[in-house]
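Should a chain be cited, it is by its letter among A, B, C and D, assigned in written order, with residues numbered from 1 in that chain.
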Amino acid sequence: MAQRVGFVGLGIMGRAMAENVLRAGFPLTVYNRTPDKAAILAELGARVAATPRELAEASDVVVAMLSGPEAVYAVLAGEDGAARGLDRGKIFVNMSTISPAYAREIAGGLKPLGVQYVDAPVSGSKRPAEEGSLVVLAGGADAAIDAVEPLLLAVGRKVVRCGAVGQGSLAKMGVNLLLAGMAAGLAEALALVRKGGLDGDILMDIVASGALACPLFAAKREMLASGYYPPQFPLKHMAKDLKFVLDTAYDTGAAAPLAAVLSQLYGAGRARGLGDQDFAAVARVLEELGGGRAEGKG
Amino acid sequence: MAQRVGFVGLGIMGRAMAENVLRAGFPLTVYNRTPDKAAILAELGARVAATPRELAEASDVVVAMLSGPEAVYAVLAGEDGAARGLDRGKIFVNMSTISPAYAREIAGGLKPLGVQYVDAPVSGSKRPAEEGSLVVLAGGADAAIDAVEPLLLAVGRKVVRCGAVGQGSLAKMGVNLLLAGMAAGLAEALALVRKGGLDGDILMDIVASGALACPLFAAKREMLASGYYPPQFPLKHMAKDLKFVLDTAYDTGAAAPLAAVLSQLYGAGRARGLGDQDFAAVARVLEELGGGRAEGKG
Amino acid sequence: MAQRVGFVGLGIMGRAMAENVLRAGFPLTVYNRTPDKAAILAELGARVAATPRELAEASDVVVAMLSGPEAVYAVLAGEDGAARGLDRGKIFVNMSTISPAYAREIAGGLKPLGVQYVDAPVSGSKRPAEEGSLVVLAGGADAAIDAVEPLLLAVGRKVVRCGAVGQGSLAKMGVNLLLAGMAAGLAEALALVRKGGLDGDILMDIVASGALACPLFAAKREMLASGYYPPQFPLKHMAKDLKFVLDTAYDTGAAAPLAAVLSQLYGAGRARGLGDQDFAAVARVLEELGGGRAEGKG
Amino acid sequence: MAQRVGFVGLGIMGRAMAENVLRAGFPLTVYNRTPDKAAILAELGARVAATPRELAEASDVVVAMLSGPEAVYAVLAGEDGAARGLDRGKIFVNMSTISPAYAREIAGGLKPLGVQYVDAPVSGSKRPAEEGSLVVLAGGADAAIDAVEPLLLAVGRKVVRCGAVGQGSLAKMGVNLLLAGMAAGLAEALALVRKGGLDGDILMDIVASGALACPLFAAKREMLASGYYPPQFPLKHMAKDLKFVLDTAYDTGAAAPLAAVLSQLYGAGRARGLGDQDFAAVARVLEELGGGRAEGKG
């Protein structure tokens, strides 16, 4: 019989993922802090829980796709929190991006309850979430990952096993550091050539023709050309993730000079009111540092 | 009748490019500061000139693929320099990476001689040079570029017209800034996850499965796994190119915070004796800053 | 009647400060994780407590001068922790450097016990601690600061009132950021001139003659000349403090581009085994990045 | 008999220095690109030359205090340039800040004319220039420095001999790197505490009480408090000097991670229109990166 799934967090990513869980045939209960988002899932057949606790009580597996550690804590803790509804044998699958250290801390807190924790952040943003083609970066006991693998494959096309709890989150740190660097690097290169009078499209064409060509650059091309950044992955989340990258590097002693400067650039974006735009809006920060956007014309 | 081509600079890139010029049927004269490299081309049918001046006298078009501005200056200047052999109507095609400002300066110096300058740095390194699949970033008068386009298409698969003299070099600044950032970003992400105990191969697999996948990362994977960096594009050249990026950004007022830190990282690689290794050896700098390479095991 | 004082943490700073408390006539109980350090104070007339709890029970005011937040937590928490011995009306004076956020968190935890928290990190290192000439950066309720001011003036020459709990720690963040930047700036300037062949002493003389002259540079001159860094303020503590600076900047949205790069430099020092040397050993990191120390000779 | 002195460059610094040369009794000829500034010196007894060449012809020693290498080049070169008026045995004293490499280049150009070059940049800005209390960082042949020492002591209170030509400029690179770092460090610390609600005056008081206290911080206090930055040392000149620092570090292989980020910060100031304000206006850049200036109130 299919696992009863509880899904918490119905933002840009979570809503698409929850729909894919439903489509895959899992009985689904949902919870969202702002209830209107849950209503959409209800129309598709999900049950809506009034509290995280109620959701956990009604589920074998609770999946969280939230904006960060504070939100994960808020869902788990307190009288109405999910932890109260998680009995022995249940599994808590955290797909939110948090630091490896915090993943281990939550797992440690759930262990005495007999609840297993699976680290399952994803690589991919809005589009892959809708298409069910995310890559899941799993950390945790093999048996626990085995138990939720069909569920994970309802939202993703691949589950990469990274090791113990926290290692999925660690892999995610690596991916997002690279992602942040590539987007900012492209934006800085564009700002450089435009300031010198070159049309940004020419640079984009060259990049698209060579060894640096990647789906990310294709996906952001229109945003960078227009200067309009509808959020696929909000900049404020990238600013937060880079903070976790720096926290993780501090803990392990890894050098992170690029993460350090990236954290400042995305942080400046957040401070300057760009937090709810796509993270490619880091281009705005770079343009402003150079005295305003130049429109290179070739 | 085919243009008589003179090719100066037979390093990793230049030798492969000169061979492609020969293969395309252009009568070819070559010159290299260290003559043994010219001998290889001679066996394939090229004439070897004793000086850049002699080469220029025997050619309609002189192509330079040198390590930087000092080398370009050395080839052009002096009693035996190419400039003395360049008559009215000849074209000097500089495929070496130099700053846009220096490209304009050389062009300005050749103009009174009636010699046209074409800016033609390339995107791509050793392999595309061998395969004739480079992308040429051309700057200069349209008529001059038209005149050398068949020649450029002997070494590249595409000629992107960027504008006036200097704009090809400007585009190259953008490409190399992005290239430097992507390689260092990948290296930093790898160092981060390894320090936390994750096998670097897992991160490389995840990256290869998602929106960040690109030929560059595939090409550098083996180097980054083994820690052995045979030069495709020597690190010292990247250090130099980043200096030109910063010079260019200073001139135009563009912000270049990533270029600034990248310049320090590749510069540290050069100072620490990694200059002749591939530029991916920037990974060594990052590992050393973190106290040594960690071998994450998942 | 003089307050009964409990002093926890007898490191480089704490031992000197505790001696000054004794000298000022306060009845003193001390506790240190490694008991031999407490023995020295015992010879001078202090009572030695077996646990932080016992110390707190015997004191009206508990002063902590510890290496960071983990140590402060360890002293307060648990069965034998100081919190168990702190009754209503007692005051906990934290002179350790922690982040403002953590100061507020501890204060919040003690409040229900009726215990007041005073934020009291200090500006100054080993020498001023010995001389009782530290500057105390106080945060907390005025009445609480009033109550401990005589005690604070036993270890310092000045108490600067910064506002509510956390604001003393915030001021300390500012001071240590500047301190880290000045030491690293001097080290980078020295490395620059030495690489160019100038004797570092010449630069130090010039700096000592002008608007940049300050006691810090005089105090570090011998270390920077000799390359031998006996700890006055260990580098690992500076690395930690810069982490708190970045945490604080992240929380408030402040830009901290210098703190970001400084955190990497001192962090690299820690990762490369320099953590127990004086923080001026950041000079070693800069020298190594440049390929080794150069001995400019003028 | 007193040397006949020619003084070129009557900006903020140069005018005050030229007045001190006059006051010390040297027969003085002046030249300035914009003649009105020369008129003021004429009223005090200086002769005004129509061109740099005429000035050089009338002088034994030519002193230049200009805004940078382009200005120095412009004064020396061409039909009306000073070089045409410099005969064998004359001395060219360059007090402008240029890179060591450029100092050596100019010296090399003057040598065949039998003209000696003395490197003599200064430590100190407007006030010390007016008071004649600058510190002169001299590079060049001892005999040449001996010959101009009385003149140098008319504008400064101390001549520090740094070695051969270029070493005075190298020392200046070190001083200005440190100066840029200290001003930006103070600004970043202020922005940090203000964002957290602390009155910046409190931090300034603490800094003024401790080991970091220096005349620079006292001199900039009012500017940083008011946010109004009348130029003592214009920000655009600091941006330029940091470019020379990076050029120099690139040439020698020195690591300069702080110079790299400082160059970006002052460069952003220049790009954002703050170039003619005092360099302490880098505080504006830091405030803007944090979303605007916060007015901490303690």
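Quick note on the criterion: a residue touches a chain if its C-beta (ideal position, glycine included) is under 8 Å from a C-beta of that chain, and two chains touch if they have at least 3 such contacts.
Everything quoted here is computed from the prediction, not taken from an experiment.
Student: Farthest from subunit D by Cα centre, which chain is it? Let me know.
Tutor: It is A.
Student: Between chain pairs B-C and A-C, which one is joined by a greater number of C-beta pairs in contact?
Tutor: A-C
Student: If subunit A and subunit B share one sequence, what is the angle of the rotation that overlays their CA atoms, in steps of 5 degrees?
Tutor: Between subunit A and subunit B the superposing rotation measures out at 180 degrees.
Student: Could you put a whole-Å number on the gap between the CA centroids of subunit A and subunit C?
Tutor: 38
Student: From the C-alpha centre of subunit B to that of subunit C, how far is it in Å?
Tutor: 50
Student: Where in subunit D do residues touch at least two different other chains?
Tutor: Residues 249, 253-257, 260-261, 264, 268, 271, 289-291.
Student: For a test of understanding, state which residues of subunit B touch subunit A in their complex under the given definition.
Tutor: These residues of subunit B touch subunit A: 100, 123-125, 128, 135, 137, 158, 160, 162-163, 166-167, 170-171, 173-175, 177-179, 181-182, 184-186, 188-193, 195-198, 202-203, 205-207, 209-216, 219, 245, 248-249, 252-262, 264-265, 286-287, 289-291, 294, 298.
Student: Going by the contact rule set out above, which residues of subunit A touch subunit C in the complex?
Tutor: 243, 246, 249-250, 253-257, 260-261, 263-264, 267-268, 270-271
Student: Taking the complex as given, what residues does subunit D use to touch subunit A?
Tutor: 257, 261, 264, 268, 271-273, 288-291
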